[in-house]
Amino acid sequence: MRPSKRAADELRKVSLERGVARYAEGSCLVKFGETHVLCTASLEERAPPWLRGTGKGWVTAEYAMLPRATHERTRREVTAGKPSGRTQEIQRLIGRSLRSVVDLAAIGEKQIVIDCDVLQADGGTRTAAITGGWVALHDCLQWMRGRSMVSGNPLRDHVAAISCGVAQGVPVLDLDYAEDSSAETDANFVITGAGGLVEVQGTAEGKPFSEEELLAMLRLARQGVGRLIELQKLAVM
Amino acid sequence: MRPSKRAADELRKVSLERGVARYAEGSCLVKFGETHVLCTASLEERAPPWLRGTGKGWVTAEYAMLPRATHERTRREVTAGKPSGRTQEIQRLIGRSLRSVVDLAAIGEKQIVIDCDVLQADGGTRTAAITGGWVALHDCLQWMRGRSMVSGNPLRDHVAAISCGVAQGVPVLDLDYAEDSSAETDANFVITGAGGLVEVQGTAEGKPFSEEELLAMLRLARQGVGRLIELQKLAVM
Amino acid sequence: MRPSKRAADELRKVSLERGVARYAEGSCLVKFGETHVLCTASLEERAPPWLRGTGKGWVTAEYAMLPRATHERTRREVTAGKPSGRTQEIQRLIGRSLRSVVDLAAIGEKQIVIDCDVLQADGGTRTAAITGGWVALHDCLQWMRGRSMVSGNPLRDHVAAISCGVAQGVPVLDLDYAEDSSAETDANFVITGAGGLVEVQGTAEGKPFSEEELLAMLRLARQGVGRLIELQKLAVM
Amino acid sequence: MRPSKRAADELRKVSLERGVARYAEGSCLVKFGETHVLCTASLEERAPPWLRGTGKGWVTAEYAMLPRATHERTRREVTAGKPSGRTQEIQRLIGRSLRSVVDLAAIGEKQIVIDCDVLQADGGTRTAAITGGWVALHDCLQWMRGRSMVSGNPLRDHVAAISCGVAQGVPVLDLDYAEDSSAETDANFVITGAGGLVEVQGTAEGKPFSEEELLAMLRLARQGVGRLIELQKLAVM
Amino acid sequence: MRPSKRAADELRKVSLERGVARYAEGSCLVKFGETHVLCTASLEERAPPWLRGTGKGWVTAEYAMLPRATHERTRREVTAGKPSGRTQEIQRLIGRSLRSVVDLAAIGEKQIVIDCDVLQADGGTRTAAITGGWVALHDCLQWMRGRSMVSGNPLRDHVAAISCGVAQGVPVLDLDYAEDSSAETDANFVITGAGGLVEVQGTAEGKPFSEEELLAMLRLARQGVGRLIELQKLAVM
Amino acid sequence: MRPSKRAADELRKVSLERGVARYAEGSCLVKFGETHVLCTASLEERAPPWLRGTGKGWVTAEYAMLPRATHERTRREVTAGKPSGRTQEIQRLIGRSLRSVVDLAAIGEKQIVIDCDVLQADGGTRTAAITGGWVALHDCLQWMRGRSMVSGNPLRDHVAAISCGVAQGVPVLDLDYAEDSSAETDANFVITGAGGLVEVQGTAEGKPFSEEELLAMLRLARQGVGRLIELQKLAVM
C-alpha cells in the first residue's frame, strides 16, 4: 500500500488553471496534489546572441522554489549568489522538453521564457513544471498568433512529464515527497502527444534497477502522460 | 479624478487570506487590488550569531518578486548574483516594521523569517508585505504559543503600512503602479494599532514637497492604516 | 544634557573644504565634528544606457567607509563581493537628493558620479555626504560651465541634509554616534535652499514616535539645514 | 557508415593507465579514443557536515575541462565565478554512479573526492570519467585497506558507463564529438558489473525516440560496459 | 632632465603624519609628492585559523584606491565583486614586507591589519604604503606595549620601500606617474634599516634590462630608503 | 647537501614535449623533475578591447593547478568563485614574460592565450610554465606563419625562467618543493636568449638577503636559463 493510499498506477489529483498571471502572455497554475507550480510565459523581443541572423527563436525555462515551499525553509539561491546544481539541471530539462515540440523557425528571432516558480513542493515539481509550462507556452503562442507574429502554428504537439519509481519492489506512478524519499529508484519521463520519448532519466537511489523495472516504469509513465495530455487539452480548449 | 476612479482617501480592495502555505508556521496571501504578495512565517531554531547568549530572538524579512509579477519580465536576482539595492531596502523596512511590535525577549533565542514573495505587482508591494506579514507573524506566534514555546503574548500590537502620494497637486491614498509612476511625491507610512509612527519615508520624485503636503499624507495614511488593521483583526479572528 | 554637551538645536562644528582632490572636477572634504567624508565629483562622458537618445544626463552617487573609519575595524565590502544593504540605501539616497536640484537636461548625455568616502565616522555620514556632495557637484558644474559644456546654470538650488532624533524624550539636532546608538527615534531630512522637503525618513528604533515629535524634529532640521546652506554659500563663494 | 568508420557496436580504443598522479591515493588516465580524462582520488579526513555522527563516509566527484581540451578554447569557469549547469550535472552524475558500488559505512566518516579533469575532449567525457574514476577509487580504497583504515572491502562491484545514440536512424555505441553533434538521440548508461542499471539518461536532440530505440541502445550499452569492465579488471590486476 | 625636474637620485617631497585616524591603534598619512596614502593599523583579537595553537600572531595588509584618486575615475572593486590581480599583488607585498621586521611570536595569537587606502595616486603607491604602514604598525605595537600586551619589542627593525626605473637610458629614483608610464624598466625595492633586502622586483616594460642597470637602481634605492628611514625615525620620535 | 642530492648549480631533469594537445595551435608538456605543466597556445580572432584600432595584438596567460597536483588536495578556485591572489600574480608574470619577446604589431589585432595547467606540482611551476609556454607560443606563431597570418617572424628571442634560493646559507638553483619550503630566500629570474633581464623577483622568506646573495643567485640563474634555452632550441628544431 502506498503512503498516499493511491493505486500503483494512480496519479495525484491534477489541475491546470490558465490565465492566473495578469501581465504574462501565457500562464498556468499547475497542481499535482500538494505540489503547486506557477508557470508563466514571457515573450522577449530578442533571441539569444548565438541565434542572431538565423531567423530562429528560442524557448528557455527558469525554475525556482519559494523559500517556504518545503517542510523546512530553504535558503534563497540569491543568498548563495548562484543557482544550485539541482536548479540548473531542472531548468535545462524543462527548456529541452518544451523546445522538443516547438518549431523554432516559426517564431522568428524572439525568445519565450517559461518561469516555473514552485509555490508548494510535495515531490514531482519538475514534471509538474513541464506539464503546466506547456499550457503557458501554448497561450503565449496563441497570443502571438492573435497578433500575427507567427506564421502557422509553431506548436507541433503536446508534451508532458511524470515521475515513476520502484517503491518496496513495486513500480509506482507519480511519487509524492514521502514516497520519493524512500523509493529505491526514481525515474522521470517526458513524452509527447504522439507517444515519442523526449527524455528518460532513471536513477538508482540504492541498489541498481533492472531492465524489467525500467520497462514497467515506462508503461506507467505512458499511461500517466496520456491522462495529463487529456487535461492539457481540456485546459486550453 | 484618479486613474483608478477611486476617491482621494479610498483604498484599493484589500483582502488577507490566512493559512495559504501548507508547511509554514504562519502564512497570508495579501491583496491590495492587483498587487498580490504571499507572506510566510518560518520558525528557525537559531537566532542570528550576535544574539547568542542574550536570551532574545529576532524577526527578519526577505522580499522578492517573481520575474513575471510585472508588466515586463524582470531578470531574477540570482542571475545577477545578489539582491538589488531596492530589494535590500524593502526587506530591511519590513523587518524593522514587524520587530517594532514584537517582544523579542519573549520568543527566546529563535528567529522568525517572514518571506514576502510578490506574485503580482501593481504598486505598493512593500506596504502590502508589511500588512500581510503581520498576519503570518501572528499565526506563527500563535503556533508557538500552542506549543508553549513562548511565555505570554510576544505580539504587542498591530502594525500595518500604506503609501500616499501627491498626484496632480492632490494628496491621495494607496497608489497603484500607474499613479505611483506619475506622482510628484511618494510616501510610505508604517503605523501601529495604537497610532504610533514606526516609519515615515517621504520622497520627492520631482519638485520638493511642503510640510502641509506631508501632514495631509499623514492624515490619509492614519485613516488607511486604521482600515487595514480592522481587516487584520477580521483575518485572525 | 546631551553626551556632547551641545544644546538640543546645536550642530556639531561643521566645515566644508573645497578642492581637496587634485584630479577630480569637483571635491569637498566635509566634517560634521568627528565625521569626515571626502566627496569627489567625476564627469563621465557617457550617461547610463536608459538615457540614450533623451538628451538628458544623470547624477549618481557611491558611498563607502574606509575599514578603520569606525571604532572597530569593518570588513571591506569587496571581501564580501557586494555592497551591503545599508551602503546601497545610502548611495541611492545621496543620488536622489542631489538630482533634486539639478536640471538634468542642461548637462546633456553625460554622467556625474559623486563618490563619498568616509574617512572617519561618528554618526551622520549620509547627511554629511549630501551636504558636502553638493559642493563637489557645484564645482564640477562650474568646471563644465568654464568649458561651455552646459547651457545656463544646471544647478537650481542648494540642498543639504541633517539628522534629528528623540533622545531621552527630547528632540535633538545632528546626532553623533553615541547619541544615535541610544536615541529612540532617528530621522534624516533633506531640504532645499527654498525650504522644500526632498526626503523625510523617520524610523522608530524602539517605541513608535508621535506626530508632535516628527514635527519638532522637522523644525530643528529646517534650522540646521539653514545653517548648512549658509556654510555651502561661504564655501563656494 | 559512421564518421569514424567504426561498426555500430564498436567502442573506440580504450585505455586505463593507473598511478599517473604521484601524490594522489588513487589515479587513472582514461582514454576513449581522443577523449582523455585524468581521474584522481583524494582521501579527506572529514566527511560532509550532514554525515557527522552517522559513522558513514562519502564519495563525491568534481569535473572540469582544461580550456583547450576542445576544438575552440573554452573560457575557464573560474572566470565566470561558478561552474556551469553542464559541469554541475556531470559531477553529480559521476558521484552518484560511483557511490552506487561503495559501502559508505565501511569507509567511516571520511570523504573520497574523485577529480575528473578532461585533458582532451572528443565526446563521451562523462562516461570516460565514470569508467576511469572507478579505477582511481579502487586504488584509493586499496591504499586505505593497506593502512587498515577500512574493514573488509568497501567496493561492492564494478561500475562503468558508455554513451549510445541514434545516428541517421541507426543505434550506435560510444559517440565521438562529430557523431554526438549530429545524432538525433543521445543516451548515457551507467551499469554495474552485475548488470544492474544505475543511471539511464536518454535525450532526444531533435525528434523524439521510440521504446525500440531505447532498448536497442540499452543492448549496445550492456555490451560496451561489459568490455569496459574487462579493461578495469585488467587495469587493477 | 626628468619631467619633474628632479635630479636622478632625488626623492619627491616625503612626509609622514602620525595619528591621523582617531579610532585606529596606529595610523599614518604618508605623502610621496602627490601620492597620498592613509595607513591604519587595527589590532584584532584573533589570529588567522592556521595559527591556532602556535602562539604566533600575524600582520597582514589590505590596499585599495579611492575611485577618484586617479586622473580618470576608476570603478570600485566592490562593483566587480573582487579585488583585481594588481590589488592582490600589492597587498601581499605590503604584508610580507612588514612581517619581515616583526617578531610574530612576541605579539601572541593576534592579528594586526594594516589598511592602506590611496587618497591620491601619482605613482609609487605601494612603496609609500610600505613606508607609511611601518609607522602605523609601530604605533599599534607601542599601543600594545603600553597595555602590556606584548613582551619586549616585537619590532626588530625599520623597513621602507622605493621605486626606481630606467628612463631614457638613465637610472632614476622614485618615479611619479608620468615617469612610470614611460620608463623602460620599473623596479621596487624593500630594504630594512640594517640594509638587508626584503624584496626586489624588477620588470622590463619594453626591452630587457642589464645587470648593470639592476645594480645602479639598487644603489639609488639604498640611498632613497636611507632617507625614508630617517623620516620614519623623526615621525615616531 | 641538497635534499635532492643535486649540486648547487644543477637543474632537475627537464623535458619539453611539443604537440601534446591535439586541438591547440601550439602546445608543450614541460617537466622540471616532478613538476609537470601542460601549456597550450590558442589563437583568438579578437584582441582585447583596449587594442581596437591600434593594429597590435596581445599575448596573455592563464594558470591553474589541478586539485590533486599537490601533496594535499587543493580546493578548485571556481569553488571560491575567483582566482586567488597567487594565481593572478603568476598569470600576470607569465604573460609579461612572454610578451617581452614578441613583436605585438606583427601579429595584428589577434590574441594568443597561453594556458598553463599544472598537472603535478613540486616547486617551480611558474618558471616551468614560462619555459614551456615559450614553446607553445613558438608553435602557435609557426602555425600562423604557415597560414600567412603574420608578416616576418614575430618571435624576437627565446625567454625562459628559473628559480633560485638561498638554502642553509648557500645559493642554489631550481628549488623543488622541499627546498622551497625551507629556503631563507626565494628568487625567480626571467631571462632572454640575449641575456637580458625581463623580470627579477627576490623575496626574503625569513631574514633579509644581501646584495652578494642576489648576485650569486643571478649568476646561477643565467647558467640555468642558458641550459633551458638550449632545450627549447632542441624542442622546436
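Note that the chains are named A, B, C, D, E and F in the order they appear, and that numbering of residues resets to 1 at the start of each chain.
Rule of thumb we're sticking to: contacts are C-beta pairs under 8 Å (C-beta built on N, C-alpha and C of every residue); 3 or more make two chains touch, one makes a residue touch a chain.
Please read these numbers as outputs of a predicted model, since none were measured by experiment.
Colleague: What is the shortest path, in steps, from subunit D to subunit E when you may only step between chains that touch?
Modeller: 2
Colleague: Could you name all chains that are in contact with subunit A and with subunit F at the same time?
Modeller: D
Colleague: So if I superpose subunit A on subunit D by CA, what angle comes out, to the nearest 5°?
Modeller: C-alpha superposition angle, subunit A on subunit D: 180 degrees.
Colleague: With over half of the numbers shared counting as same, classify the subunit A/subunit B interface as same or different.
Modeller: same
Colleague: Centre to centre, using CA atoms, which chain is the farthest one from subunit C?
Modeller: That would be chain D.
Colleague: Nearest whole angstrom, what separates the Cα centre of subunit A from the Cα centre of subunit E?
Modeller: Roughly 59 Å separates the two chain centres.
Colleague: CA centre of subunit D versus CA centre of subunit F: separation in Å?
Modeller: 33
Colleague: Would you pick out the residues of subunit E that each touch at least 2 other chains?
Modeller: Those would be 81-83.
Colleague: Output the ring sequence of chains, start subunit E, direction subunit F.
Modeller: Moving from subunit E on to subunit F and continuing, the chains are E, F, D, A, B, C.
Colleague: List the residues on subunit A that touch subunit B in their complex, please.
Modeller: Against subunit B, the touching part of subunit A is residues 21-24, 27, 34, 38, 40, 42, 44, 62, 64, 66-71, 73, 76-78, 81-83, 113, 115, 117, 119-120.
Colleague: Which of the residues in subunit D come into contact with subunit A in the complex?
Modeller: Subunit D reaches subunit A through residues 81-85, 88-89, 91-92, 96, 100, 187, 191-192, 194, 196-204, 207-211, 214, 218.
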